[in-house]
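You will see chain A twice below: alongside chain B first, and alongside chain C after that.
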Partner chain A sequence: MSKYIPTIGIEVHVELKTKTKIFSSSKNGYGSMANSLTNVVDLGYPGTLPTLNEEVINTAIKAAHVLNCKIRKKQHFDRKNYFYPDNPKNYQITEARTPIGYDGYVEIEINNEKKKIEIEEIHIEEDTCKSAHRGKVSLLDFNRAGVPLIEIVSKACIETNEEAKLYLEKLRQLLFYSDISDCKMEEGSMRCDANVSLRKNIADPLGTKCEIKNIGSISNVGIAISKEIERQAKLLDQGESFQEQTRRFDDKLNDTILMRVKETGNDYRYFPEPDIPYVIITDERIEKAISSLPMLPDQRKELYLSRGVSEVNATKIIANRNLSDYLNEFLDTNLNFQVATNLLLGDISGYLNRQEKEINQTELTKEKFIELVKKVEENTLTSKNVKDILDEYLETSQTLDELIQKNGISNITDESLLTEVVDKIILENPDSVKDYQAGKERAIKFLMGQIMKETKGSANPKLVNEILISKLNK
Partner chain B sequence: MSKYLDLSLIEINELLKSKKITPTDLVLECFEKIEKNKDLNCFITLDKEGALEKAKSLEDKEIKSLTYGIPIAIKDNIVTKNIKTTAASKMLENFIPIYDADVVKKINDADMIIIGKTNMDEFAMGSSTQTSFFGNTKNPWNKSLVPGGSSGGSAAAVSARLTPIALGSDTGGSIRQPSSFCGIVGLKPTYGRVSRYGLIAFASSLDQIGPMTRNVYENALVLNAICGKSSNDLTSYETNEDFTRLIGKDIEGMKIAIPKFYMSDAIDKEIKDKLNNIIDLLKSKNCTIDYVDIKYIDKAVPLYQIIAMGEASSNLARFDGIRYGYSYENPKDIRDLYFKTRRFGFGNEVKRRIMIGSYLLSGKNATTYYNKAMAIRDDMRNSFLKVYQDYDLIIGPTATTKAYPLGQDLDDAVKAFMDDILTIPVNMAGLPAMSLPIGFSTDHLPIGMQIIAAPFKEAKIYQLASFIEKELNLDLCPKLGGESNE
Partner chain C sequence: MKDALTKEEVLHVAELARIEISEEELQMYQVKLKTLLNQIEEVTKINDHDSDYLIAPWQEDAILRSDTEGEMLNSKDVLMNAPRKSGNYIEVPVVITNE
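Our next item is the complex of A and B:
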């Protein structure tokens, strides 16, 4: 394996989350009854003409921006001519010569090092029909015909399947966070093709490449690439040359299989689409589109870290956009973000997963969350207390105080009472006391545990800690 | 037989307003005439039932315009909901559209009555209406001659007074040349003036729908009704004006240019003579007449062929037998369906143009031919626009010849294009132009002149045309069907 250097380029098609299709007023939606979201334009009826959904341009501007691309100010659409049953006009309207974005990159982190995966271009185009084959019959669903797509073409600068996966994860996160696309690979709103070639030395020209089409998940991209590297390496080992191929990933076989050997240069007879005038993008338009972008993952992370959130928590929160968006509602408060993320990622996530709910479907108002975080931060509530009342807190409009009272949570803050318990435990555990005095900090944890046990978890831990230390230090 | 339809729209309107006649009378007269002149083969589809229904429904409506209740024929490449639209092709022999073209909606809104769909060259490819799958149309002035094309059915129908108004489409002269051959007034508006939505595309960057009428004033009225920006056509423009406003206004001192190319030896002497008469007439009104050069105008035909056929090859790709239209039965596989549907569905001229167009866009040819042609086209347009800095209008003949015998030129694809050398430059530059009858040949065939304006200056065309029309006062009714038109 290590004899060869793989070169990988990835093309990603992403369906844009717009209300209507790119060239017609049909609704852009997934999961509707077949052929219910279609009109004469989508069907390529004689005499029909495309219109242009401006929302698509704005969304593509955002995509170009978040992928660090330069934005082209003057573009035209082109016709890509080819016959295929899923291609209603037998030409696809695309931006072949003037992609809206170019020369961009996405930064990934691999082995603790940052690497820029360069992006050649982003162009806008229309999606085709979905076809389904039933024995001798083929069925066409035009709901997808004319759904806006952007195609993101990376440079051939990816060296391992690990990098490919990280690149796609990052891409998905960025596009999802920017409200550009749902990026649901299982629904086809994000689709990947990978080009793989091998060569012996970095100075050699690129080897014969093979394209693997329409891989259904990011982990399968990883598998497909490593299988393809293996396949090509074996052929090269045997001294065989091979032709350019188009392959597809079969998830049952867990391997790539041949679709077709590439014929000499596809001839798409491109020419500028005469039905759509030039698209001119002004600086104001770019600014407006960019200013409407939600906060991006990297920005969020930086912000969370600056608010005292641990690296681990910050990464985890960002992986769940709903939680991150929820947390961002507290940016202008003095909420303890570390405690807040602990709660969100811990018991609250547990509840949401159990109930299959999103956080905005609960009764956790902003005020109620602030109250909860505060009480936990002050140790007025122990983690056991939180567990006891959380479900009710999330499901009803009751206040924390009401629930504390109702559940008989007597968070013992009576100093004399606590001193009694502390004295008792110190007496019962002379060895631990000795350990502590010998400098073993761990001993204090054990003693604390014993005190909490004695009080059935209702002692105020902060207070206990203070009393215990002062006693031990006497 | 009543003869209301030979009256002017103003006269008909007065009769309608005074309730002496109803729209139904007009429709019935129309169909009587069509029946009598069936041999002209002007129509592919007639919609008598629909027309009578519309006429009836109009009776309760207030008469708001001169177009109220007026029958109109629509070229069969403009889609009409529930009325068969064939583009004169076997490919669409039984195609019934499920939507109306923008112009059809506007025609309906103007209270006009659609009587049927006119014959044409298949997919508007031709200039004699002989490539129609439904047989050729005859010229009402002499039935052994072509009516011109591709809007030959519309031109012949108006010429024979089967309908006062028809719509045509013009990609390289398809409104103006048949108008010239049939002695009617045909206008190709500025590219973008009329929405193309619903016009079955031939060459998208050149196609334009326009009115074909008996006289200049009525032509302007129809353009008033059909123009305007449409949200369905990104290449259409918002324009709001009355095209009749300069009609009858003095033309004294107008500045007029004639491209030298338009008076070359390629033009029939008889036609040049007629045009010279017009030049004298204009000079007598103190108009300036200058001869000018326009860059690349002599190369317009090959440039046009590259662009038109390239675009056509793509526009006609959608006819594949899958969703609508002719579909070859029991194909072996999808390739077989494509091949046989297109082999048997298209006629020879259409296939020839698709093949040439595909070749021209193929691989490197796209840069060698198409891109270059587009660049030269810009130069030609700019050269035209420069002339309009100093002149109001450009004039010249519409066609190099008068109507010629049926069957002639059928096998000579190149010569057929030469019919259009004077009209094509106008489409290439996106300008508005009219063909106006200016007299007859010695064998009494109509001859037309072209009046070409700067973009969106149609009103100027109507001004000059109305002046010439009035001065010449020609009898433009062909003597037909043994019936006198006196």
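Our next item is the complex of A and C:
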């Protein structure tokens, strides 16, 4: 298989998070009763006219900006003509010739190297109605008809399924953080098509491409691409030529299957949409849209790193936007971010996962979190103490001092008392002492653990560590 | 035939329009459609810069609508015009097949 070089291009459709549809004032929503969010425009009734939602333009400008695209200031819409029950007008309104964004890129990191995945264009279009296929019939729900979409078209510069997955993950993160879309692939608010072709040498022209449509998850994009590479390689090995085709990924078969092809290319007979005049985007609109963008993931990461957070923790925090937004509330305080992220990703995340809650659904006010971080930082609270009181701390309005008192948490800082315990443990564990003296640093962790056990987790760990090391080094 | 489309071309256009045509109509359209295309070609000679062509029958730029919800149709009314329905869905013959 390695004798062929894959060339992969990806098209991503993303539903925009606006209140209403692109060309009508119907609600843009998911999960409502079928055919309950429509009006005559969405249903394509004769004589109705589209009116363009300004928030669609604003949101698309944001998308173009975060994906490093140039923004076109004068554009028009086109009709893409086809007969299919998902679109009773018999055309979809799209931007075929004047995409709002072009020449952009998304940066991914693969094998510790940065790579730019180039973006050919971003264009705005309307979504079609949703059709579900049941045996001999298809069921149509027009709630989705007219939901605003942007289609993001990458250049065919992706070389492996791993790159494809990283690109999509980055794209999803950027669009989600920018409030452009909620990017839920399981609900169809982000949908991917992949174009795959193979060639023997990099100097050869591109091979015959096949398009895989509507892949439902990022991991399935990876599987679909590798299956398609396998399929094409086999055909090429056997010396067979094949035609361009459209396939779809079937997650039950875990493979791609051939679809009957609809119209393609010229068959769509694009022409300018005469019902919508030129759309002019002013500099003022662009500036306003861009300045309303929240802080993006890369910017957040940089800030966290500058506050002493580890690379691993910074990446993990950004993977959970609620936690990242919460942490950002402390940017203008002198909170210890290292301790704060450890707490957020450790016990607090554990609690949130168990309770299926988000951090803003707890009683952890800004003041309470500052207090908690401070006490952990000063070693007034051990990690065991935190575990003991955290649930109550997150669920009630009790202060930390109240809980410490209530739970009888004593933090032993009495040096003579601790020295006694340390001596006892050293005496009981001669092997570990020898190990430490022979240079095995890990032995100290074991001894620390024994001391904490002996004191039921109430010893001040910083103090114990100091006493233990001085004793061992004697 | 220089002044006519091929039969295949006409049949392809008919297929895209989802219409059936007779042999007689086929021959007629081979000539008529070609005539039409020739006339369009004349028009394209007039103006070859396509960045500013007329797209709408008036000159003003698009006026954008604010993103506020308006009235919607009752789903019962929506389904009234559907030839077949299933629950709250509009039912049509299956539109996707795997070959």
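Criterion: the second predicted complex is superposed on the first by the 414 of 474 C-alpha atoms of A that agree within 3 Å, B and C clash if a C-alpha of one lies under 4 Å from a C-alpha of the other, contacts with A are read in each partner's own complex, and residues count from 1 in each chain.
Everything below uses one rule, namely that a residue touches a chain if its C-beta (ideal position, glycine included) is under 8 Å from a C-beta of that chain, and two chains touch if they have at least 3 such contacts.
All figures in this text were calculated on a predicted structure; none of them were measured in a lab.
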Which partner chains sit in contact with A:T20 here, chain B, chain C, both or neither? Use first/second/both/neither. second
Determine, under the contact definition given at the top, whether A:H133 touches first (chain B), second (chain C), both, or neither. second
Applying the touch criterion given at the start, work out whether A:D275 contacts chain B, chain C, both or neither, answering first, second, both or neither. both
Counting only touches as set out at the top, which of chain B and chain C does A:T48 meet: first, second, both, neither? first
Under the stated touch criterion, which partner chain does A:D347 make contact with: chain B (first), chain C (second), both, or neither? neither
Return first, second, both or neither, reflecting whether A:Y91 touches chain B, chain C, both chains, or no partner chain. first
Could you look at A:E121 and tell me whether it touches chain B, chain C, both or neither (first, second, both, neither)? neither
Is A:F83 contacted by the first partner chain B, the second partner chain C, both or neither? both
Going by the contact rule set out at the top, does A:S36 touch chain B (first), chain C (second), both, or neither? second
Would you mind checking which one, chain B or chain C, touches more residues on chain A? C
Just to be sure I follow: which residues of chain A are touched by chain B in one complex and then by chain C in the other one? 40, 43, 51-52, 83, 85, 140, 267, 269, 272, 274-277
Residue positions on chain B within touch of chain A in the complex are 78-79, 85, 87, 92, 95, 97-99, 101, 196-201, 203-205, 231-235, 310-311, 313-314, 317-320, 322-325, 334, 338, 358, 361-363, 366, 370, 374
Spell out the residues on chain A that touch chain C in their complex, using ranges where they run on. 18-20, 24-27, 33-40, 43, 51-57, 76, 83-86, 131-142, 257-260, 263, 267, 269, 272-280
What part of chain A is in contact with chain B in the complex they form? 40, 43-52, 79, 81, 83, 85, 88-91, 140, 265, 267, 269-272, 274-277
Sort out for me which residues of chain C touch chain A in the complex. 16, 18, 53, 55-73, 75, 78-79, 84, 86-99
